[in-house]
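For reference, chains read A, B, C and D in written order, and residue numbers begin at 1 within each chain.
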Amino acid sequence: MQRIRLGMVGGGEGAFIGEVHRMASRLDDRYQLCAGALCSDANRSIRSGLKIGLSEQRCYTSYEKMIKVEQNRPDGIEVVAIVTPNHLHFKVAKKFLSAGIHVICDKPITINSDEARELIELAERARLILAVTYNYSGYPMVRQAKEMVQSGELGELRVINTHYAQDWLTEPLENSGHKQANWRVDPEKSGIGGCIGDIGTHAYHLSTFITQLRARTLCADLSSFVKGRRLDDNAHVMIRYENNVKGMIWASQVAPGNGNNLKIQIYGDKGGLVWQQEQPNELIFTPYNKPTQVLIRGSDNLSDDANNYSRIPIGHPEGYIEGFANIYKEIADAIVVSRDGQKTIYDNFLFPSGLDGLDGMKFVEAVVESNNQDSDWVSL
Amino acid sequence: MQRIRLGMVGGGEGAFIGEVHRMASRLDDRYQLCAGALCSDANRSIRSGLKIGLSEQRCYTSYEKMIKVEQNRPDGIEVVAIVTPNHLHFKVAKKFLSAGIHVICDKPITINSDEARELIELAERARLILAVTYNYSGYPMVRQAKEMVQSGELGELRVINTHYAQDWLTEPLENSGHKQANWRVDPEKSGIGGCIGDIGTHAYHLSTFITQLRARTLCADLSSFVKGRRLDDNAHVMIRYENNVKGMIWASQVAPGNGNNLKIQIYGDKGGLVWQQEQPNELIFTPYNKPTQVLIRGSDNLSDDANNYSRIPIGHPEGYIEGFANIYKEIADAIVVSRDGQKTIYDNFLFPSGLDGLDGMKFVEAVVESNNQDSDWVSL
Amino acid sequence: MQRIRLGMVGGGEGAFIGEVHRMASRLDDRYQLCAGALCSDANRSIRSGLKIGLSEQRCYTSYEKMIKVEQNRPDGIEVVAIVTPNHLHFKVAKKFLSAGIHVICDKPITINSDEARELIELAERARLILAVTYNYSGYPMVRQAKEMVQSGELGELRVINTHYAQDWLTEPLENSGHKQANWRVDPEKSGIGGCIGDIGTHAYHLSTFITQLRARTLCADLSSFVKGRRLDDNAHVMIRYENNVKGMIWASQVAPGNGNNLKIQIYGDKGGLVWQQEQPNELIFTPYNKPTQVLIRGSDNLSDDANNYSRIPIGHPEGYIEGFANIYKEIADAIVVSRDGQKTIYDNFLFPSGLDGLDGMKFVEAVVESNNQDSDWVSL
Amino acid sequence: MQRIRLGMVGGGEGAFIGEVHRMASRLDDRYQLCAGALCSDANRSIRSGLKIGLSEQRCYTSYEKMIKVEQNRPDGIEVVAIVTPNHLHFKVAKKFLSAGIHVICDKPITINSDEARELIELAERARLILAVTYNYSGYPMVRQAKEMVQSGELGELRVINTHYAQDWLTEPLENSGHKQANWRVDPEKSGIGGCIGDIGTHAYHLSTFITQLRARTLCADLSSFVKGRRLDDNAHVMIRYENNVKGMIWASQVAPGNGNNLKIQIYGDKGGLVWQQEQPNELIFTPYNKPTQVLIRGSDNLSDDANNYSRIPIGHPEGYIEGFANIYKEIADAIVVSRDGQKTIYDNFLFPSGLDGLDGMKFVEAVVESNNQDSDWVSL
């Protein structure tokens, strides 16, 4: 099968998530990275491209130039991965979609919901794929959890508690020139949400992905514990989901001892599920009044979704890159389907799309609004 | 050393917590259980007393009779343990205090804060001990946590997240004659709080015990998931503690897979601590940017508080009964001090007193009020 | 019910295991400690006895005197707990059995198998109970494991791997006057086994208790890693159990990071079990090709043996003292049965008896013999 | 940088480890897979090659043909990955080395040590790389462990206990046509070792890699628990390493509940280390008499080796494929160094070479010999 021709915007020297996208695209050999505009600085952009093995003529000094050239090459890119800081997502994605090129956008899709809606409509009209890398939904055991909830193994849902805690912003790194910290705490580059946008949206997406329930209203309390920090670095949120399900999200980047501690607990009247990103190959399931079971990736009797997105046998741990690669793999399937100009039926796929991106934006906006209104309940 | 003469009200046949109090009192051989009014029914009360080895003449048919007789015996009881359903705590405690007998009361101290205040004043005037068994504060590693927070090992505190989850009320047990379930979901016997009173107060007390911070305001969302249940069985609470510390409490009795899952996470600008009741011998400590440490009960270099309330070497697990017994042990020390009629200086001891009981009442009242006001912030 | 009158030999000031026996005897209120000869030094013996609340006249200066007096009191002790260093077990036990008093002996029962056999015969003839506190068999989840193995849930057994690792003898503590270390590394006081006798026998007993299989032959490699230490501080043993079951025991007191890490893994053709003493409330069970289950003390559907020796609900951890107390509780039942002079039918009880003590001796002797013969296979 | 041209022998339809090698080679984009002889059957070989994207002309019907063609192409392969069943490793590797092509061979390198020696000499003479994929040594935290042991953080070593347990051969899968099971239990295809060769050698290599100590003598007890199985499916081995270090290896493929449970514990007079393959991002370190530390991949203050072979931040789990890819990455570095005909200095690299392969063979041969001699100590 012919590899999908992929371009990338962002992800040059010193970046983190760009290399993750590249590894994810390579793992299953479904893509060939052909072109890139990796940095805003022209020289660094070229240098970064050469370093990762792009041919010189397809290392572009700007994404606009990249579009212009690539859309006229017979072997031009079919899809672009956008891995820039948040505030650029919208205008870059818009240009690529307008040029007829599928878009894989890192989260958050944009920095507000109006922009997200605009991109969704644009992709819809152009029959193009607009994917957003809420990558944690790519883990096989998350897909197993989704399948179990949907098939009723927990009964009627009651409680969804999710947290996402890190500790790397415990001190004011942004004051000492730390590149990753810098833009994340800058409202111009990140939007109105700090940690709630950076990681809180992952937590929220995970909860909606597994349960297929969306928040109706929420009530939030944000903090910026580090002196002088302009965006939140800790968020407490109470949520009322659809169907009278109650929940909480705690997101923090100032919680020492937490590397990347994303955890979800889901309870219904027939059972409970717990999944933790740092032990992603396990899913803990307790049918009410029966022994707790440890379900493990790669074992028999898991759902098709879990098995299809698993590569190696039980006990051989898969991790973050593999989960991320599952999103890429499924997008590849969708691109193949759409090669004849067919519109992508998102419902046939589980990868997060622009609609999930929009939900994330609405979540962040509601959280900030609630916080500004002394934690009143705010509808999404 | 002469054993302290102990009486008990409640804790007869079919009860759970009474036997825990008795084991706790026996473990360190500081008490002798001499008298009891164990059931409201006179016959069962006698039968229950004989069964646990009380002499016949000190098995009483009512607590009033017990007071009358015991206060006139030269070897009458010095202290009474009150382990009845919640609604009786107040009137029983009041009578014993009025008769000059120290009181150890199971939590919650009363069913509202006015009653709690009355008992506190009564004990104060009579120079008697009024202890409340928030027993989780008796675990050695909880005391270690307290010591570490107080000595600044976490730096300036920022976040306190606590949860207490159980699953035994997932189904409407109260409809099938389950004694423990019955009174817990009955407002007449439990007061205005269901799970928030039964276990949420334990979580709240734990957070205040370790950090020595009290909630200033809170905002709560209560649920009664089981149809027909008159009190809450799930509570989400956002808290603003003193000193700008933020927190959350989640309490639930409908979370399958949770036996008695009390857990606290505390974060400051220099480090984090995690403790879980189901693995009580461990305390997880992460100094910021250093490796996480597993502190274990019985090891060297723990604080005096932790070591003094530890009985056996590292790796030999102590559990719930031992933690409970630590409360009893310390109350024994306090009773000895007060034998000459001295007033107990609570600050010299760590066991929870009437003031902690009152805090618990205020917490429950604030949670219920906030919930009734659409989750407005309510001051304590 | 009348409490059983208990005496104690050993366990005075500075001792460890004596206080454990006392707490274990108190927990369920089945015993009353009435008499003691707690130290070899007469003065310290009296002082120690008074300190723990014995009446002055029953604090004896020697165990011989204690026997003489107690056997002539109408309320003399019915049973004695022997908690001296190992080398004294035999002669003390022999005297008490000869005087018609039941014996609870700390392990190892003696320092060689001939002595063990002599005690067994003596007890047999006198229709007295001779119990040995291999206390780990008292944990409810160990009893659950036994029940599951016996009822065939693992199928035909194949492999039993057990280890017991500690770290407290990593350095030559015995050279700095550490009382517990001193006698344990002294062949005169401990017998021919160092760590293999002190903790290896616990591991071996645990394996035989759960599986009801005894070792047929074994092959061992002992080490004394600490310079100048006269007894082994590390033991590797390969075992061939009955029924063609293979196994290993590793015992070590020089393994930093191990507090009291006793762990057993049992595998059959239908499933596997894992139990760890440091998390004693859990038993991990995997039926072949099905999800691993976490069985928890206090939950429904456990065996009667597990439930009968459990005191508090699921999630409220019980520990070492509770497990030890289960041995005492069951011995109390046996003593009650034997009060009319009936011979104790050990098969009706699970507490370890002299026969288990003898097995332990044979195990240690075989290990040392194999080690001395360049790890040849040695029969037990 | 130009990608290294890679060929593959074995790894066609239905194979497992071939795809792992391919993913490992792709992850860091250092290789381009150009040619393959993937199956012994000519048609399936072509079909398999096309399926994974090889050009038709470089899908070969036999490895001999592949060598002949590739060595004459200007863009012929530089290195071949051999992923056939064990018994073919030797003759395939010999041919490629003879043709001047580097070899990456799956373990075990051959089926006896004479063959291993021959390959090593051949590679040596030809100045070619001969690598063996003992992939577990590629995990960053294994490299951290090696660094810590070598720098003396454990002090003088005393005990090395390693186990590798699986459960997938609990039942006679080989009788029902299971391809992976079939050849593993067939002495013609696997050599004299069953589970001891398949996984026991991984455990042994891991122990030597981290400690840089080799076994001097060992003493083994093998079992074939499944009726009719011709090779061992369970092995207990006692080992005396160099420097008076004692150890054990337990390997089993009939231990229900064990997916791929490779675990090593190393103890010295100053500390202990524990690492488990199923939680590969953690390394547990206890300096004697200090709190246990949890070292985590991606955190600061780890060794260069650990950090250089880590791709993503702390808390974002890396797994088996990433560890395997580290071996490939380092081999790529070595190939680049050797491109000018220089001999590879293995000491500059950590990837396992033919010498490690030979050690594995000697280990298996000694285990089988000891077992055949009633578990006598056998020198390696």
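Points worth noting:
What we mean here is this: a contact is a pair of C-beta atoms (placed from the backbone, for glycine too) under 8 Å apart; a residue touches a chain by one contact, two chains touch by 3 or more.
The shown structure was predicted, so the numbers you read here are calculated from the model rather than taken from an experiment.
More contacting C-beta pairs link the chains of C-D than the other of the two pairs A-C and C-D. Each chain gets one centre point, the mean of its Cα atoms, and the points for subunit C and subunit D are 43 Å apart.
Chain centres here are Cα means. That of subunit A falls 35 Å from that of subunit D.
Averaging Cα coordinates per chain places subunit A and subunit C 55 Å apart.
Annotation for subunit B: residues 258, 285, 289, 292, 296, 299 touch two or more other chains.
Shown here, the protein chains touch in all possible pairs.
Those residues of subunit D whose C-beta lies close enough to touch subunit A in the complex are 1, 3, 16, 19-20, 22-23, 26-29, 52-53, 166, 168, 258-261, 277-281, 296, 298-299, 311-322.
Those residues of subunit A that touch subunit B in the complex are listed here as 154, 158-159, 161, 163, 167, 170-171, 219, 221, 223, 225, 234, 236, 238, 240, 244, 246-248, 250, 252, 254-258, 265, 267-272, 274, 284-289, 292, 374-375, 377. Considering their complex, residues 285, 289-296, 299-301 of subunit B touch subunit D.
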